[in-house]
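What follows is a set of structures to go through.
Paired with chain B in one complex and with chain C in the other, chain A is shared by the two complexes that follow.
Moving on to the complex of A and B:
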């Protein structure tokens, strides 16, 4: 038990170190964007009609601390980042933590819910379809899977919106109804969120499920063919016990392993769905910051939060894997 | 007294390329306490034959209507191939028949302790309580020569050495006191020194538990050490069968002769090995007539290519299926 606690601690420290390294990469990338925050802001001002001089830029640079050496600025940034403080947006001049507000957590929530939906469906269905030799069942599943993989999310989103607008007169956009948008958090707001969020969750979950289904099925088919399953059958183990206790249990490890990767993929798909459903969420903000306004501070903050979520999820799956698989557990306890 | 009778066993697999014959009209029987070696190259159908005894072949296996396997259990004869329900199959799967496999590592579930798998099996086949099953399992592990058995009970297969895993597999297979043990190349994956230990262990256990063993192997040397009788299979056909000494000293079938000639001789290490020429044909292209004629050096005429030889008795216990010995051929 003690060695397990030590393992968890070591993994947590490693996750932290990963985050620090990631932050260095993110921060360096932010620096690589031509120009800096001071120039960008004043250039923006310039387009608004106010005249600027080189001296103005220098003064702004000093005010923002951009004249300090790279490593020192990174240090300040990372220390603040770990406290959830990302400074001001370059263009909008508002605090990033406030600007992001609950948007990031909403996005993460939608992604995690899609991930959960995907595996809640994929694990039982994938396992049963791998175990069954019913050709009709397997072929229909394959068809649905390929549809899910082949049909782009935005197309599905558009289709659903089209149908709902034409037949039900509802637009189904946004994450909140108007009256709740700026309301404080509470039960009614949460219910309102669920009423809206099911659609992006469903759309993101759709392709994620198709993907997960293929993974689970392949892993499971692989396990079912292994000798230990035949050997268990030869000992008289049969029925559900033979399926769940033997191959299913062993197929679970690689599935858990792939969760972090899946979260990343879903998050990448979120912005385009968000665009169509006009959700104001972090993915859309990231695209805005990266592609349009070149707001390096804002983009860096979102990327950092996203990687932090993935690193955290990987930490959780590592621990979960050690709990279910003795080979992993024993290898770390020596 | 007969323990298991196999009559006219013919088994085909349904595949995309059509029906593939794996076992063709094989008959043999094994008495209580008798050890039979089932010998042949890879693809000769020996493993498939053995799995039929537990009705354990893949779902695409088709048995011919004439095939019959009768197990003489304490509760009377059991028609193995007619068993359908998992509960009925229990008697041939771990009950009266146990099987150990070639790869001891792969035949334990990697993420379940050895003890849990042993207890599970005992509870499936008896009304033992968990603690009784555990006590018996530890005793069995100890019996097969595993030191520190109580500790091994809680370990996983990957924590044991190869020889120890195979011992644990044997302990598990014997814990339900089966009447018949099927050992599918149990020593092939082991070091030679460990092989000898495992073979000795199995011989001791046969005497002690008085059970029948079907020993599947391609190694006639192992058969000579362990078995009472031997059956040689080639491409799903039983080509020669008899008492082990008789068959090894006086092999009749050209294939058996070839297998024996291919063994290295310790008293004459310079003598060249004589392999059986050619490869075993693909099951998709079964030769006509005698299935061995494509590799046989002693073909007696067109009859070998045209006609399937039937088994002839050399004497009371020794039989061979070859045209050399059937009347009309010479």
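Moving on to the complex of A and C:
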């Protein structure tokens, strides 16, 4: 038990280190954006009619702490970031944690739901296709997987929009109906969310499903050929029982391990799909921050949060794998 | 009779000899040829690449605003035909279109096809001047129309020919992908090479950083970097900047593979054998290590190519990538999200088919090459 605790601790520390490196990358990128928050804010004020001098910019810089050296500012940023505090947005002048708050959780929920959907489809279908010799089934699955690769989610989203506007005459956009957008959370709002969210969940899960299908199938067909499966079959275990109890268990490890990267892939598509479907969540906010208002504070915070959730998932899967898989557990307990 | 058998054994021996003395490239090619899907994909890919390279010649008009047809904006695709209600001809033709705006059309521009007037297609007409490969000047195009213009895939809201733009966009994607892959490859070779060659704690640190960079979702990161571009940048500068970003962010996966290749190959028995025979380390690297993994690296490059193309498309689509004078799928799709386009001008989406074909072809060829480059793939089956 002690060694298990040590394992968890080591993993947690490693996750922290990864996050620190990531934060350095993200923070340096934010620094590289030409102009800083003080200039941008005061430029905005300038357009509102109040005259701005160089001294004002300097004062604003001092107020925001932008005159301090790079490393010191990074230090404060990362310490605050770990406490969920990202300061104020450059342009909107609102606290970022407040601004993002529920929107980020909403995005994360949608992404996790599409990840779950991907594996709900991929695991049974992948196992069946690996076990069967049906050439038609296998070839069509292969085609679907490749299509998932070749047709990025945003193209799929566009095409679905195209079809729905032509045939149904309505666009399936947004996450909430008008009357629920600003309503407090409750059961009716949740039902409304489900009514709208299935499309983004499906679209975001699309290429993840294709990838997962390929992974599951490849892993299973590797395992099915192995001797222990033949031995089990010789002992009279057969059918579904054979598949689920022997090779499927072995194939589970690598699949759990790859969950983090699947989430990464889904996050990749999130902002663009959000733009097309006009979702109002963190992905759309990220595009807003980058493409329109050049808001480095907000963009940095979102990228950091996305990465942090991937790192967290990686940590959770590592620990889960150690609990589930006796081989990993043994190697830790040594 | 005996002659025949000796002939057969001779042939047999020859083919065996050919097999054992074949270079790695020949072996990979032989295995690759056996895969039908990959071969078809390779042909599609060659066709697409050729049409991308010769885009200025194959496309009837200039893809930029210079080649616009101001009398046929948002025009529907015109399909060349041989027959109509007035009989058939040998030369393909299209029907002339007339535009009118009057009380009857509610003061909107409405195009009407005049079915009695034929416009024949011409072969190798003189048209907009271009520079093939960037330096061979020319003004002949493969086809055109004798009067007015022909738009196979229709036109967009500025009257630019979508067919011409599609061909040029394929070329743009190939260019962006190649430059991006090249930059990523050089970085990967250096970083992965150092990690794989030195091993130990250097490897550990590099792996840690690479893994950390890999956990950041790439496209949001692309967006963040691309947002630095000053809007007044020229189209060419933008183009190189985007390729550079793709390369700079695409290296970690490749670097990891280079490192793994190096680490496994370095400990192979044939390397040990060569060392025991007294080969110098430069000889080992040159004659044994490099040939052993060039094919793998080429495969990795082909596999990572479509991701570069797709990332560029995504970036351009949200307006952070290439901008209008450059034809690229993302740029062309920017205008396609409006409900007006979706309801009335669906031909905006025709280029999508070509891009799916391009990416699919790359993926299939990459997979086929990977199987072909794996010396154990035969024994498994």
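What we mean here is this: the second predicted complex is superposed on the first by the 307 of 334 C-alpha atoms of A that agree within 3 Å, B and C clash if a C-alpha of one lies under 4 Å from a C-alpha of the other, contacts with A are read in each partner's own complex, and residues count from 1 in each chain.
As a convention for this text, contacts are C-beta pairs under 8 Å (C-beta built on N, C-alpha and C of every residue); 3 or more make two chains touch, one makes a residue touch a chain.
In this text the structure is predicted, and so the values were computed from the model without any measurement.
Superimposing the complexes on chain A yields a three-chain arrangement in which chain B and chain C fit side by side. Looking at the shared chain after the overlay, A:287 reaches chain C, while chain B stays out of its contact range. Touch counts on chain A: comparing chain C and chain B, the chain ahead is C.
When the two structures are aligned on the shared chain, A:228 is found in touch with chain B, with no touch to chain C.
Of the two partner chains placed by superposition, only chain C is touched by A:29; chain B is not.
Shared-chain residue A:21: touches chain C; no touch with chain B.
Once chain A of one complex is fitted onto chain A of the other, the partner contacts of A:95 are absent, as it touches neither chain B nor chain C.
Smallest inter-chain Cα distance, chain B versus chain C, after superposition on the shared chain: 9 Å. Within chain A, no residue touches chain B in one complex and chain C in the other. The residues of chain B lying in touch with chain A in their complex are 54, 56, 59, 86-87, 89-90, 93-95, 98-99, 101, 103, 106-113, 117, 120-121, 124-125, 156, 158-159, 172.
On the chain A side of its complex with chain B, the touching residues are 133, 226-239, 245-246, 249-250, 253, 324-327, 330. Residues of chain C that touch chain A in their complex: 208-209, 211-221, 223-228, 230, 306, 310, 313-314, 317-320, 333, 336-337, 339, 342-343, 346, 349, 352, 355-356, 359-360, 363-364.
Residues 17-18, 21-22, 25-26, 29-30, 32-34, 146-147, 149-152, 154-155, 158-159, 161-162, 165-166, 171, 260, 264, 267-272, 275-276, 286-287, 290-291, 294, 299-300, 302-303, 306-307, 310-311, 314 of chain A touch chain C in their complex.
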